[in-house]
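Two complexes, one shared chain (subunit A), two partners (subunit B, subunit C).
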Partner chain A sequence: MFGSLATLQPRQLAAQVLNFALVLSTAFMLWKGLSVFTDSSSPIVVVLSGSMEPAFQRGDLLFLWNRGQETQVGEVVVYNVRGKDIPIVHRVIRRFGGGSAPLQLLTKGDNNAADDTELYARGQSYLDRSQDVIGSVVGYVPFVGYVTILLSEYPWLKTAMLVFMALTVVLQRE
Partner chain B sequence: MADARISPHALPDLKSTTDDALANYLRSLHFRQHHAKLDVRLALGYLGVAIAAATFAADYRLGWDATKRWTAVAVCAYAVVNGGFSWWIWQVEGGCVFEGVRGGKKISIASKTNKHDPTYHLAVTDAAGATREVQAPFTAWFTADGFFVARPFQQWLARSVGAIGEADAKNAASDAGGSEGGEIAAESEGFATGSGEAGGVETKGKGGKRLKRKG
Partner chain C sequence: MHNTLTRVQNVFGFFTSVAFAVAAGIAMSVLLSPQAPSASLELKNVQVVKGRPHYYSTKREEYAHVKFDLDADLTSLFNWNTKQLYLSITASYPSSDPSTIPPSEAVIWDAIIPSDYAPLHPNTYIHPASKAKKSAKPKKKESGKPYPAGGSPGIVRLENQKPKYQITDVSGKIAKRGNATLSLHWNVQPWVGALVWTNKNSIGRWQGLQGGEAKFDFPPLKGTEVKKDDLKTETGGERNRGSPA
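Moving on, here comes the complex of A and B:
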């Protein structure tokens, strides 16, 4: 299998490696481009829990938009708890401030009994729209996000996929 | 490399093996290869990769908010560089597989294949800028089971392209067209049993005639 690589000139080998590097770079830059366009650090997120059923199920893929700063009660937002890197998808049930004052939000999962005060960081009793919220949900695709859940629960899958992709691209001559 | 076996049905494999053999053959005839086109392509490509890597590093270290503006700039820069890279491959390189100089004379060779047609097309541009097109079926130098045979390929090249013929008088002069084509056909097992792969059996005799006429 690697015999075909051994007979390549150094420049040609560099060109083959470049093909793979470009696949990774282009995927990454497309992601960053979408981030810039939506003004969100993570424009596509996967629903990890069932706290928003029946609206969103675990494994749904959500598309976010972060350029609407006047979030209303009833909108579904995605936020990071301060200090943690886990995105939470819940609905806004109260808002304070807005306009010239900084907008503060209280959220609750549709399928939860209590609001999110328990989930926020110590001493935090509301979300700051500009600091904590990653974006509001503007669309979704069901089930597709399960791939991401699998990849994070079985990290070796990530490595296996990457290795497989690398071999396929580098050994292919077109 | 002579032992490497490829699938005789895969056109990209046939083409890339032949392209590599062409470059190797010309280098062995002391053509000095110019790598300018490939170098520009590598430079553009790796510049794009560098931009992406820098963006990744900045984002990893400093987070999203701090790097938002620079990320936007980087995405635009990447789009421009990648666009340039694609344009370079498509327009400028245009299938070029060898560019080189021998005895002060420049030669430039581009190859192409058409879909579902196992014929190797070469466009040879000499020092004066005139372009000549020659072609031959892959069956002339590949056995039915996918082994590349250098001799008939070199003979076809030497007889079809003037500059190569001057460099390699032995292959240019040898009247091997019919007989050697037939010999190879006899030696290789798969030939007789080849069931319609690229017309292997039918061109046993025709291949020879085709080789002769092209000279």
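Moving on, here comes the complex of A and C:
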């Protein structure tokens, strides 16, 4: 198996590596392009918790849109708690302001009895639409994102997948 | 050329393409399903009382307790791609500067009505039995369905319904605010595709919502004999009843 590697010329090896890099950079460009189009730092998110059941289950893929600054009550938004990097997907249940004033939102998960006041940063009672919200959910595909949850919960899966992908790319010439 | 790995790859590639095409087809096909939602919403009673946001808070704020009557027929919103309907009644009132700041809005009641084909989940709305039937057969158990007996998902008939949430303004003052509106909103959660919200205007085969609004004013603050904690609110089907974290 590794004998065939030795017969690879440097130019062919370089071409393979370039191919691989091209695939990676195209994927990255598509992601960043979608990020610019939706004006959201993370245009596609995976649902991580069960706090929006039965609407969203763990592993569902959500498509976000961040160009609608006048978020209405009933919309589902993804936000980051100030100071933490965990995106939370919950529904807006109250709004105050908007227009010339900063829009303040209160959110609550469909499967939570209490609203998110306890989740916000200390001293923060409402979300600021322009600062805290990453985007509003406009589309949804079930189950597809469960792979990312598996990858984050079982780190060995990530290494295994990378090794497998590297092997297939390098040995593809046969 | 025809080894197992290539075959598996080809099958998997074809599977993902077909799955993607089918999902896209289902998502777009909802536009063909006609909708004719209608609702009649009336305010039954509204009280404004003093209270605290939660037990350990030191803030004293005014909370509005709004009871309403609802008679809605939203069965046409349930098509082959509907997983559930999130129904909400909101109270909106003008802001401090109506010319530049849009009205504030707060949900007072919500319900999750799943489609009959959705898997059973505890966080589902249970439609209360009608008052007439209750007096005739007091021993009969509630059907436990999100719609009244003999109905289908989307039919909601509520009388003197208690709110789920008592609302306040960000300033803490909600008494004597005039020009408030009680309105019905929904959010259709599909099996796959785009989420849709309430449409008041007609688009193609989708007619806008007929009715579903009621105007009222927030009354002055009630005397101290009635407290926020004395007014009972409706309990929903949410499973996480403690802290949201």
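Methods note: the second predicted complex is superposed on the first by the 173 of 174 C-alpha atoms of A that agree within 3 Å, B and C clash if a C-alpha of one lies under 4 Å from a C-alpha of the other, contacts with A are read in each partner's own complex, and residues count from 1 in each chain.
Definition applied: a contact is a pair of C-beta atoms (placed from the backbone, for glycine too) under 8 Å apart; a residue touches a chain by one contact, two chains touch by 3 or more.
These numbers come from a predicted model, not from an experiment.
When both complexes are overlaid on chain A, the residue A:F96 reaches subunit C alone and has no touch with subunit B.
Applying the stated contact rule after C-alpha superposition, one finds that A:N112 touches subunit C and leaves subunit B untouched. Once the two complexes are laid over each other on the shared chain, residue contacts for A:Y79 go to neither subunit B nor subunit C. In the superposed model, A:G33 lies in contact with subunit B only, and not with subunit C. Which of subunit B and subunit C touches more residues of subunit A: that partner is C. With both structures placed on the common chain, the touch criterion links A:Y120 to neither subunit B nor subunit C. By the touch rule above, subunit B contacts subunit A in their complex via residues 1, 4, 12-13, 16, 20, 23, 35, 38-39, 41-42, 45-46, 48-49, 51-53, 55-56, 59, 63-65, 68, 71-72, 74-75, 78-79, 82, 85. Taken together, the subunit A residues at the contact with subunit B in this complex read 3-4, 7-9, 11, 14-15, 18, 21-22, 24-26, 28-29, 32-33, 35-36, 39, 41, 173-174.
Within the complex formed with subunit A, the residues of subunit C that make contact are 23, 27, 53, 83-84, 86, 88, 90, 95, 97, 100-102, 104-107, 110, 112, 114, 118-119, 121, 123-124, 165, 167, 169-170, 185-187, 189-195, 197-198, 235-236, 238-245. Considering their complex, residues 51, 53-55, 70, 72-76, 91, 93-101, 104, 106, 108-119, 125-126, 137-142 of subunit A touch subunit C.
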